[in-house]
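The following pair of complexes shares a single chain, chain A, combined with chain B in the former and chain C in the latter.
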Partner chain A sequence: MAADLAESIIERDEFIVTKGKNKKQLKCDADSSAGCVSQRACVYCGARVVLNPITDAIHLVHGPIGCATYTWDIRGSLSSGAELYRNSFSTDLKEQDIIFGGAKKLAAAIDGLVEKYQAKLVFVYSTCIVGVIGDDLEAICSAASRRHNIEVIPVESSGFIGNKSAGYRAAGDALLRLIKPFESTVVEKNNSINYLGDFNLAGEAWIIQNYLRQMGVELNVTFTGDSHYTALKSAPNARLNIIQCAGSMIYLAGKMEELYQIPYIQISFLGIEDTAASLRNIAAALGEESMIVKAEELIAKETARVENIIKGYRAKLEGKKAAIFVGGGFKAISLIKQFREIGIDVVMIGTQTGRKEEYEIMNELVDDGTVILDDANPAELEKFMMEKGANLLVGGVKERPLAYKLGIAFIDHNHDRKHPLSGFEGAVNFAEEVYSTVCSPVWKSLTSLGMGSGVENHG
Partner chain B sequence: MLDCTPKDITERKSGGIINPAKTCQPIGAMYAALGIHKCLPHSHGSQGCCSYHRMHLTRHFRDPVMASTSCFTEGSSVFGGGANLKASIQNVFHIYKPDVMAIHTTCLTETIGDDVSSIIKTAEIAEGKLVIHANTPSYVGSHITGFSNMTKAMVSYLAKSTSPEKKEQANIIPGFVNPGDMREIKRLVESMGIEYIMFPDTSGVVDSPMTGEFEMYPEGGTTVEQLQDTGNSQITLALGRFASSDPADLLNKDYKVPVATLKTPIGIKATDALLMTLRNSFAREIPKELEIERGQLVDIMTDTHFHFHGKTVAIFGDPDIVTGITEFVLSLGMVPLHVLTGTPGGSSSSAAGSFEDDINGMLKGAGIEANVKSAGDLFTLHQWIKNQPVDLLIGNTYGKYIARAEDVPFMRVGFPILDRSVHSYLPIVGYRGGMRLIEMISNALLDRADRDAKDEDFELVM
Partner chain C sequence: MAEKNKENVYFRNVNENPCNMCMPMGGILALKGIEQSMVIVHGSQGCSTYMRRHIAEHFNEPVDVGSSSLNEKGTIYGGEKNLRQALDNIRKVYHPNLIGIVTTCLAETIGEDIERITGQYLIDKEMEEFPIVTASTPGYGGSHFEGYFFTLKRILMQLTEAAEKNNKINIIIPNISPADIREIKRMLALMQIEYVLYPDFSDTLDRPFAKPYTKMSNGGTKITEIRSMGGAVATIQMGITIEDGISPGKYLEEQFGIPLYNIAIPMGVESTDAFINTLVEITGKKVPESMKQERGRLLDGMIDSHKYNFQGRSVIFGEPEMAYAVTKICVENGVFPAVVATGSQIGKFNQLVTAAVADCPEQSKILIETDFSHILAASKEGKVNIGIGPSDGRYLTEKGGIPLVRLGFPIHDRVGGQRLLSVGYTGTMMLLDRITNTLLESKYKSYRSSMYEKFYQQG
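Take a look at the complex of A and B:
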């Protein structure tokens, strides 16, 4: 691979920097080049992952079957109520629909589904082909909305109009339509907050809700983990928005500030340090003395509870090296700090869709020599992980087998996470997961008979 | 509650799908292309398609799946994707250096009308490198159709006939099966002492061993030389009509290679048919080793038939696999009540017949009346099961919602399996595969019997 790679690296030179070595600015937020083996997804994917956790909605994909199949219940978002979102609905467009248009079929599909499931909310996702055959989604949806007296919201997510970030924006627009108060409704502000950018993977939003409750903070609605129609409708009433996953939610937060005068702060519940800081920031932003006191109590209590456990893992993990390749920049930043808590240095860090400001912060946080890269391909991930001697990769579905093949431990910090990784509990789970993969005895089998020079025991 | 399916069956007018039992053509094409040695599949369309297919295949095989994409943007979909595809061809050979680039289309590029074969003809392709393509519109057929179309492209682009005399070798098209199945079929053919070319062959690609290195192009896959030589073979065995008969027919049309279209060799009868066809075509004896395996499978079937007799079963998945499993469970005395595939099943009027005819024919022979449907979805299957419960559900991972809702034992077979491992390494084909299926069926049924037995009925020996 090494020789082959040399050239590919030249092509992508602008997208990769090594801290301390080069003064140049990392290039990011650009389109991937044609013919690349990119780890990136499309607009529909971005829109779907943001909206999918809304539990009582019909998520209807208007297009050929594939887009619906690949997104059927893949997110791992948990629900405390409705489970309708875990079904897969598609108009399953066929050749004649492509020729004559899919409008009739879509209208009939909405009618059939609304009748079956009595939902108050339907999202209709546009796929690549809909953008080309020109079905008037807006008109079909508003007609259906009037017919059934429910909300039928089109999501403009044709795959080719951009990358995943464009999908976040499309989802943001759909959410803005959803939360727009009816004309007769007067927005009555209350003391609650909205929590943006937590999709309740493995129940993470529930952990944060619990903290907020202990601080006396009333949570209005979470975007979008374990949310439902009625709760989302009340979103404009909140007095503050807090944002976890900034990549997907910053647009929505900006709009909500503009339209409903809700200020926002960015927080992060990944790792002890960021969790504690975030709870303090929320209390400070709300400005109530009792909340500030309770936040400190909670932080003291929880830190005392988990500190020693984390220390135990730290002793076992000190000196190991991690590589990070995740979707957004904000998560990457938190992960650097979280790894520091358990004694691990980050030697390579990259994202699919990180923004310039985020890469700047990453650059500040990491040590000299760390490789920072945008929209990496598998060969690059391999090269830098091996070169830097990474013991562990944090990534998503497609990166997992790559890491394993290289004898490198792996953690899914994406849809496939198995334990909640948020808050103080999450910090313990994270350390436990890192330990269980990095120090697994399976890596010892690699050096055994028949493996030739084989793999060093990276664990 | 996770179960959102109503029991009452009402007419569904929209033609839409609830809980699909199929996916789109391009992923099948990508999987087939992985079965060519040193080939990089290329998805001509938006970035998301390629990402989804790689993700889905990665989850099923738990191995890296490499493929490139044309990365469509708004501009390319307005002005056509020719420029993107030409740039892709340049970049792929320059950066990733495969021997073959296998392009498949997507619904987007089919609809905007990109003429891929002309684009390839006018593209600069480096000496000694090959580009093939298949049209795989997502709005026609299913992933099985896509697999068949890409396998057909291997024939149309690469196969040759270099002499009027045919070689004493067989082409074997295994269909959309796991690499473990491909290995088993190859073992059967090898033990008969017959030369063969299997294509596509994903063994050694998506079940490659851990070596501590990431190989962009693992050792497996049918070589270009082998694909070129398929026009010289004496016969083509198309295993599984839906995935394999089109490429076999094309070899026959272009190079006069006779075709034997057989069922995917699941169970005694279909495995017998495969071996007998080989024996008759090449005048070989069935080796003792295979006679023994067959005898062992029959022995197991007789030893355990009382566990299976009269047990009702629902089967869903890809048409060739479902056909094979249906035949096998019938041979065990089980009663299929619901048989469904998401793939459009062909028409009775066509030369090949239809899925529904095939299944109904087998059921009729056993005196069983059942719900049988092609181009169905899992909503329909679930409704059938609610109205007529079964003792066992057989199908891919997506069946787990139904199994849970109806509390039915569930046996995972087919594609995709996203929640268990090892399935892609071990066969369900051949006599050995038959043994494995029996083990899986008994474990599912008897674990349930143990779980449900009252203390007084709980038995040590079963």
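Take a look at the complex of A and C:
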């Protein structure tokens, strides 16, 4: 286990367990330790990830330029309509603004943008600096809101107030303000459902929407992939919320249950097993016989279509070992099952912001000896991947070069992916991607040049 | 939205799609070129993670950067505890020979005195000899361009002594590609010049695949070399656009009386000649025959392509130093620089570019401290048909149909940014070919249909 690591950082011990060896509870949902080279971003990042897919909103960052630069159009969320969300607007605070305050600049920025783009919705993201210089975001936004008769919603996302999860919560609060019915509106319940925690990366929300349509389930609005102002406003009318990315959405779902009496169920469309189970659960939750029948038809048809393809990949991948380090717990859990579908065991698993309940499920699902870790850093990822003999890593942009430098295959499971990994469609893509990287011929070339005698294999 | 205050300078309330990054980003890049060094970003966790992601995606290298992970408590009561913990942990895991600390908006606004904190840390740990270098780089204080040179200057201020005279030339390297740095080293070797190249991230950010993996990569300017820069015969600084206040070369001149030759990046015939002639002037060495041949080949290629290039109307954007160097290449080859733009606020830029384009048949538009929405508008107005700059310029392709020659930092949507060779006679030829071929590609794509539409009449 981690404690015998010569270079281990003591504060990190509680965040790492090996299944079967430790009885201790894994620590999670805590601030990152200084100097640990955490892979996490900040509160602002969490909030921006969740809200950015809202296509017809102005996303205005109140702060110095960097926060807007590093988040400009870096996500693969697709839109069927507006493209406004693909811009990164910033008040570009400078030294004099820090001294004299940025309130006037912000008000003028909102005025200018609303006039130019005619948007009905503006999100104003707070950054570290705003939290310190004390610009009254609430007052500025509500004044602008009255001036233009549109929604101008402040997002309390100062980077230092917590970790990425705090950003999910800030986004949840912003969404709750957005969907709050006008006083004159009576919430009329209909038969539709809301889909929470799909950001329509590479059209994933569209794939799921098609499934639901085939089952006769009406989708009200997706939070927040390919969503827009008017659709989001109707959210309280739905009769059920289904949640995919629980890390970012469980808070919002809880609040919607409390405020609008919308119950929620957790689902996952990653992998055949979870996709089929989720479709069944949705039909069961809605309780209509025709949906249950249609769900079974859909599952049977789609499973038949993809089963053999996946089996083909499984034959080539059987026995390989995977390491997982992703953002949220829901994704990690699904990945364990999805890897099993293609014959791969998980030997290391961790997340940036997984919750206690999610880690408990991971612990149940993995084999003895698997390392489970929260908020890992490159040194730990390297150590455990090498120790456990992982053949591939699933992660994001920052983890990719590390895997490649170690000579290990890699799966991009991040927000800028260009191909869908959801549903039956996505299960095939996933298997194909795993095959394309694990079985690539490049690994055969990783030999070293010997002294005169040709090559010596290092792999 | 933009109020034209002075000629070419825009003071505005909102930045629409940034054309620059923030100051600490430049600090990280500079420090990555120092041998066995680690960087700590003093601020909230997100700053370090965002910048790591941005750098890693360009170079396709693991980029480990520490953070003091400032939280709410640290923001209110000061971040000393966090910074000390970060120093402890970084030393424990990475065993660096030098630690650089760059600050952020947050650290500067709450008034962190990092020199005092690190001074006290070294005393407490009884390691006063250990080099910790600090640079105050608030995100609102300037762009990554200023952050880069300012950090280089700060390192010299803290490490360089009045050394014994030596025969070396200090070569101060701007933010060019690792391939460019290697090319400059090759040219210096050809000329048999003794030198200290500062900084040198040609290996640290573009390392060969090798087993076993080490957390710290080889290469970089040695600390002993940096200390000895005070005894050099001269400094050649490829930083003609930088202001004296942040100029490492100027510092060496004022502090140690080392003659400074401030030149443009050796791109294009004139600027590369200036580099070679400066070397000859300082050392009295002869230009080797092979170098003359390289130059001759470049001239030959320029003649071969001149008519194609004449059809180019370019928008050049990015860091001031790179944008200036590219402007020179365009002018030399008859590609009209219709728009020359930088997101940085550099006073000398306007004057230098104005002089460079003085002989062009039309007036160029020069934009300073600008954003991509202004660059796009100016490009449309200037009937631009080719863009040259970092990959954020894909916005110009998408919105304005302008084909893009990717150059500089960052390049995120194509591989190989670290391998792009554009300096020296040979590198210039390679860049020029990329420019010419992009123009040719547009030509071949459209000439049949455009001629048909223009001239064909049914008889």
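Throughout what follows, the second predicted complex is superposed on the first by the 440 of 459 C-alpha atoms of A that agree within 3 Å, B and C clash if a C-alpha of one lies under 4 Å from a C-alpha of the other, contacts with A are read in each partner's own complex, and residues count from 1 in each chain.
Here, contacts are C-beta pairs under 8 Å (C-beta built on N, C-alpha and C of every residue); 3 or more make two chains touch, one makes a residue touch a chain.
From a predicted model like this one, the values you see are computed outputs, not experimental measurements.
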item	value
Simultaneous placement of chain C and chain B on chain A, clash or fit	clash
First (chain B), second (chain C), both or neither touched by A:Leu84	first
First (chain B), second (chain C), both or neither touched by A:Leu446	both
Partner chain in contact with A:Ile129 - chain B first, chain C second, else both or neither	both
Shared contact residues on chain A - chain B and chain C	7, 11, 31-45, 60, 63-72, 87-95, 97-98, 105, 108-109, 112-113, 116, 127-129, 131-133, 159-163, 378-379, 382, 397-398, 400-402, 404-407, 446
In the complex with chain A, residue positions of chain B that touch it	1-4, 6, 12-20, 22-24, 26-27, 40, 42, 45-56, 58-59, 62-74, 76-77, 83-85, 87-92, 94-97, 106-108, 111-112, 137-140, 142, 208, 210-216, 398, 401
Residues of chain A that touch chain C when the two form their complex	7, 9, 11, 31-45, 60, 63-74, 87-95, 97-98, 105-106, 108-109, 112-113, 116, 127-129, 131-133, 159-163, 377-379, 382, 396-398, 400-402, 404-407, 446, 448, 458
Residue numbers on chain C that touch chain A, as the complex places them	1, 12-18, 20-22, 24-25, 40, 43-54, 56-57, 59-72, 74-75, 82-83, 85-90, 92-94, 104-106, 109-110, 138-141, 143, 207, 209-211, 213, 215, 343, 373, 392, 395, 412
Chain B-touching residues of chain A, taken from the complex the two chains share	1, 4, 7-8, 11, 31-45, 60, 63-72, 83-84, 86-95, 97-98, 105, 108-109, 111-113, 116-117, 127-129, 131-133, 159-163, 378-379, 382, 397-398, 400-402, 404-407, 446, 451-452, 454-456
